[in-house]
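In what follows, chain A forms one complex with chain B and a second complex with chain C.
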Partner chain A sequence: MAENTYQWPDASKRKLIGKRMNRVDGPVKASGRAKYTYDLVRPNMLYGDSVKCPYAHARVKSIDTSAAEKMPGVKAVHVIHGPDDGAKGEVFWAGTDIVAVAAVDEPTARDAVRAIKVEYEQLPHLVLNDKEPNLAEAEKSELYKVASKETVGDPNSAFQQSEVTHEGYYGSPVITHCCLETHGSVAEWPDKDHLFLHISTQNVPGIGEQVAKAIDMPASNVHVHQDHVGGGFGSKLGLDPWGVAAAQLSKKAGGVPVKMMLNRATELETAGCRPSAYARVKVGAKKDGTLLAWESYAWGSGGPGAPGSLAIPYVWKVPNQQKQYVGVVNHIGPSRAWRAPNHPQMCVITMGALDDLAAKLGMDTFDFVKKNIDLLDPRSKIYSEELDVANDLMQWKARWHPRGDSDTLGIPMEAISLQIGDNQYPPDSASGGSSTIGGVSSATFRAATDAKRQLIAKVAPALNAQPADLEVADGRVRVASDASRSLSWKEACSKLGAQTLTVRGTNPGEGDLTNSGVGGVQMADVSVDTETGIVKINKMVAVQDCGLVISPKQAESQVLGAMIMGVSYALYEEKVMDQTTGTMLNTNMDNYRLAGIGDVGELVVRLMTGPGYDERGVIGIGEPPTVSPGAAISNAVANAIGVRVPFLPLTPDRVLEALEKAQGEGGRA
Partner chain B sequence: MSLPPFKLLRPRSIEDAAGYLSAHAPDIQIIAGGTDLLPSMKQRLFTPKYLLDIRGIDELRTIRSIPGHGTEIGALVTLSTIEDSEFIRRSYRVLREAVATVASPILRNMGTIGGNICLDTRCLWYNQSLTWRKSCGFCIKKDGDLCHVAPGGKKCWAAFSADSPAALLCLEAELEIAGPAGKRRLPLSEFYTNIGDARMKLANNEMLTRVFLPERMAGYDGVYQKLRLRGSIDYPLAGVAAALKKNAQGIIEDARVAITGVNPAPLLVNEARHALAGKMLNDHAAAVVGELAAKVAKPLTTSLLTPEYRREMIRVFAKRAVLGAGTGV
Partner chain C sequence: MSDQDSPKDSGISRRKFLKISAITTSAPLVLGPTVLEVEGQEVHVFGPGKVPIALNVNGKRLTANLEPRFTLLDALREKFEVTGPKRVCDRGTCGACTVLLDNKLVYACSVLAIEAQGKQIVTTDGLAPQGQLHPVSAAFVDNDAQQCGFCTPGFVMATKAFVDKHPNATPDEIARGLGGNFCRCGTYAGIKGAVAQLSGQQQKGGA
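For the complex of A and B:
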């Protein structure tokens, strides 16, 4: 049975796949014994710090580092962003690194930073973006870029045919990365040609080449090492200016290690932003719930550069669409991939609008989705099955009530909502884009299959059999038809003699082992205190497809983590900017809030497995479950209080404002 | 961010501590739990030459009942000790309720009642790194002369952000303060200045040593209501404590209401006492107190929630606290 193709074993033959296994690195991480880049102290290590631009938009006119260079204990000074760098020294967000220094200890590095004189020319900044841009002005302004206009079908006549239409605002703000381990590295040069880099990264395979390119050296001369990474979520795939600076500083200092790690405040200010996405959406349907038309005017921040775009309506193939997107050039901070880039934002807009439409139709959103399930092609069947599973876990049908079906103020109102999500990514070599499990397990599986085949070929003579007659099972290599003729794994391996087997597995490769594009359904059960506007998560259910589940415990952990992140961005997270100074106001974790264990409620995860799912092979799960929580929670709040809170995060003042507005308009819809 | 350098002094008695304070003031600061001070030192809000670690003064670690007088709580008693004290829960419930909402369990294990009373006022423009504050031109409270919260103003509006003092005000607590001339007593209601920067009447050569809860206030029913975005951990964005005593007929004999988290000091809502005394507790009476409390509240944009919202929450929470205190909820 020496197979020539690679194939995941049938359910009946799986030994470890699908079993609840503990993380191998769980104990060292939970006990604090795991050492991260942040923990590293190398012999003779220097400490890096940097001068940061205090302005949201400015031009570096001149830099004087002479005083710092003369200070005792200062070993290297390196200009990152001088008057001639970039567009004539232009800086696009507050906190941009300008000059880096390395010194014998942190206080000396800090003193050196203070001794550096940088002259700036301040330029006008834009740091707010939740206001709908006026299109006529946008077309004239350099700050607004009309990025896309698209028409599908015949939206005009579709809206005319629509018996019920709804129009509303939806969106989410710029939020920022906040990894448990901040960004940074320790760089050293063992000799003048070789760089040894400890770096907090998601991209051990690729980061060396990026550094090499940045400082013009052969990639093969960069040795990258990392034992553990304290979170990345997309923000640690690429190289940062401070990463390059650490290497440059070390070189200037004669090769001794230089540590450059961001602190919490700089992490929040500069480690990367999830772009905002806002939209005014109009949707139309027939009275029976048949979804006919979508119109959206959307805008969002793409940071200082590319305007980006939004693929809305998200997942839904609405037959008639009219769409426009305006990219807002602003000075809030650099856009960066954030766990399922753009998907949560698109989901919030799409499912918010459809949920409001369902409410206006007097339909349970569950029924509305089922009614239009064909528009979710090609995953209609998956979503449909997941909806039924989620219904069981949440007791949806038994508990659902029409929107705002309670008019007593001051009593926490409870509501449930559902949400569908989707994710689709190309494979990648780094640990990001939810490609790790698909890439790693497929490659490992191919390697293991090859190794097994080669081992069998070696030991077949010892068992007096043909390789094709052998199998590996229960820790033994045995003759398939006669289990008494066998060798233990150790005995078999000893037949290899001095010649060890080295097998390299790759992905992509032969065989249909992996896939992409998954479907998920999430439901949220919330309470809203209508006198204070405070939203409390009671329970969330996530039903997720990720193909063949290799390790259920870890896959479920990924979903749980995503839901917790979802609660944070739905209720708390926003990069709050001060309009006057252009700086971020909430640069600490008192005010940049993340959910604690007391805030997330009961989280229930169900992975779709078995026939129809397993044969798709392994699919990444890191990102998909992050897509839906914002929309699910927003819809649940709308259901509870009877009115939409347009923009995330659902802070209590916004909830009350929405309630008051609805009451001012003559009661709740 | 690392701590600035300092010399650590570790006295074993109040007298030694007072000696150190006299010798090194104003270049000295007291550390007990450190939960407030250390993050602020990292941000260079404080860079004292000396840190006076008073944790070795064992006599300040106890809760002691003095029959006929009341109860004495040492400044070093941790918030979790008070939270877990059955005696405090029974006799001074409002304090237990307030203390239990401070930060998170881990921080309550470190944080002390003395530290909570002396907690620094907080503001979006103040609790930031040195680099950040410098980029915004500093502010009145630290290193500067302008206010970002009340442009043109000369007064600091940083908000008092501790929970327990609102409860202690309801209990008419007194403080014992040790200084070069020995000990003095001061009602808590006279301790705070309602100015964000010079927030309390404690000279830099003095230290808070004990809190006294008078016996006459024992047995009041009490509730603390706190506006917090997260259930798990947050400073109060608004807080209301209410303590009251009813007679057998359900008539309120005496009541106190105090607010925190909105003004530069925790404040008693003086009129609430008269509004409630002699009344039956009902929604109307509670609503009246809500209005009175909202009138005392003067929040500014020291946090990310709007001042209007925080004042409104003082109204809501005062109403709820009074109702809760009256029904044992």
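For the complex of A and C:
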């Protein structure tokens, strides 16, 4: 039974696929023996550090490194961003690297950085972006780019037909990746033409070529090595100035290794920046809940780069839409891909507006989604099944109450909310874009299939059979019709002689092994203390589709991790900027708060598997479950306190402000 | 960390320290601590240049010449290549550098190397012999309580000390007792599972 195509085995024939197994690199990590880039100590290694621009927008006028160069222990000084670099030395965010130094130890490198004098000309900056831009001004200003306008159907008459409409503000601020292993590298030159680079990256296959291009050398002369990466979340795909600087410092110091890892403050200020997204949204429906119309005026910051746009309403194919997006060019820092780029922000805006509309209709949001399920094409069926599963796990129908029903000041109030998410990504070669499991598992499977075919062809004569009559099972190669005619795996391999089989799997390749586009449903149950404004997560449920699950324990860990990261960005995370100085205020982990073990409540994950899901092949799951938690938690809080807290994170001050505003208006919205 | 006693400090109050620094700024650059008498007590003064230090790490005596401003964490990592403890926040917030110092949990980034002399230092690397897993590490593996793994060694140390003290922890005790460590990948569910597994083992007399 030689296979002619690549196919995942049927459920009855799966041996390891779908079994609960331990992570292969678990023991080396849990024993503290895993070596990350940050952990390396190479012979004669120097330590790099850098002068950073303290201004959000400035021009480098002059640099004096003479005092630093004379200091004992300083081995190399390299200007990264001088008066003639870029647009005449212009700097677009605070924390930009200006000059790098390498010294015998870290304290000496820090002393050298302090001895370097840089003169700047300060330029006007903008670092805030949560206020709605005035469109007339936006069209005149260089800082605002009207990026897109779009009309679908006939929004004007659809709003006229709407019996209930709702208008509100929704949004998420810029947050940072906060990788626990900061960005950085250890660079050395074994000889004058070859660079050996240890680098903390998600992109081992591609980073060497990027370095080579930056320092004008053949890519084949760059050897990149990394055993483990201490988190990336999308921020470690491209090359950074400090990666190049380490190589240049090493070269100047005669090739000895230079270790240059960012400190925590610089990591938070410059090495991760998820764009913000804010919107004023109007939605309209018939009394029976039929969703008719969407109107949005949205804006957000992608830092100094060209602004993108937002695909809202997210997932929902609302028949009539009027949309406008303004990109804000500002000096908050360079944006980077963040685990499902833009999707969590779009989900917060869309599901917040629809949840508020359902509340105004007097409908349970669960019923509202079911009523409009056809607008979730092409995944209406998946979402519908997931909603029912999530309902069971959360006991939604037993626990849901109309908004603000249990509303008594000072008493923690519970509420639940639901959320849907979606994701679609093309394959990628780096470990990003939720492509790892699809790319790796399919390529490995193809390679294994090829190896098996070649082995069978070699051993068939020994069993006096044709290759097509053989199968591999239970550690033996045997004749499919007569199991008594068999060889052990070891015996079979010995027939190969000295010639081992070398095969390489690829992805994409022949056979329909992977897929993309998944649906998930999440529900949150929260308590809100209306005297302190503190939000507490009681329970969250995630029901996630990801096609054929190769390794359930790790797939569940991905979903759990995404929910926990979601609690973090929903309740705590924000890159807090000061417009006066143009700098980030919370550049440490006391004030850039992550969720702790006591903050996440009870987490329940259900992966949709089995017939109807497995046939779709392997789909990445790193990103999709991060999409929904922010919206689910925001909606649960709105349900609990009776008013919407417009922008994430749902910090106590924002919760209290929303409550006060509602009381000032003489009642709850 | 919250229910741990703070480690013994160097015995120098801020007021005394100011007095001493006034004396030492005029002292010549010497190796080894200078012993001064302050208010009737002997006080060791290190630096300002490099000083010889000796640490007892995972049962081994390790020596180096270091500036007194080196933290225990940086000495372990950069001088002795003991890299289980990680540098993440570098200011006593995240717990990634958690080690045992005379059987008390400390953040190694917030202890000076010179102050850790004469004490038993245990890091995750030293919990079990090479090739073996300590039961706490094994429980982390079984419960998939590590993703990128960078917070894991610190969490393993915190969990070991926590479980030793609270063999049958309640969820509230876990939230407080392990609240001094942060994970970015979100492995808390796995860590709770590891604590539950270890509690079960202890009830049966294992671990």
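By definition in this document, the second predicted complex is superposed on the first by the 669 of 669 C-alpha atoms of A that agree within 3 Å, B and C clash if a C-alpha of one lies under 4 Å from a C-alpha of the other, contacts with A are read in each partner's own complex, and residues count from 1 in each chain.
As a working rule, a residue touches a chain if its C-beta (ideal position, glycine included) is under 8 Å from a C-beta of that chain, and two chains touch if they have at least 3 such contacts.
Just so it is clear, the model here is predicted, and its values are computed rather than measured.
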Superposition on chain A - do chain B and chain C clash or fit: clash
First (chain B), second (chain C), both or neither touched by A:Gly598: both
Which of chain B and chain C A:Asn263 touches, first, second, both or neither: both
Partner chain(s) touched by A:Val41 [first = chain B, second = chain C, both, neither]: second
Partner chain(s) touched by A:Thr583 [first = chain B, second = chain C, both, neither]: first
Contacts of A:Ser557 with chain B and chain C, given as first, second, both or neither: second
Contacts of A:Val389 with chain B and chain C, given as first, second, both or neither: neither
First (chain B), second (chain C), both or neither touched by A:Thr651: first
Contacts of A:Ile534 with chain B and chain C, given as first, second, both or neither: first
Chain A residues touched - chain C or chain B, whichever exceeds: C
Touching partner for A:Asp25 - first (chain B), second (chain C), both, neither: second
Segment of chain B that clashes with chain C, given the candidates 21-29, 57-65, 183-191 or 219-227: 21-29
Footprint overlap on chain A, where chain B in one structure and chain C in the other make contact: 106-107, 263-264, 588, 590, 595-598
List of chain C residues in touch with chain A within their complex: 67, 69-70, 74, 77-78, 81, 83-91, 93-94, 96, 123-125, 127-128, 130, 133-134, 137-138, 140-142, 144-153, 156, 172, 174-176, 178-179, 181-192
Chain A to chain C touching residues, read off their complex: 22-23, 25-27, 29-36, 38-39, 41, 105-107, 178-182, 228-233, 263-264, 553-554, 556-557, 560-565, 588-590, 594-598, 600, 603
Chain B to chain A touching residues, read off their complex: 1-2, 4-5, 104, 122, 124, 127-129, 131-132, 134-136, 148, 227, 229-235, 303-306, 309, 312-313, 316-317
Chain B-touching residues of chain A, taken from the complex the two chains share: 52, 54-55, 94, 106-107, 263-265, 531-534, 536, 571-572, 576, 578, 580-581, 583, 585-588, 590-591, 593, 595-599, 651-653, 656
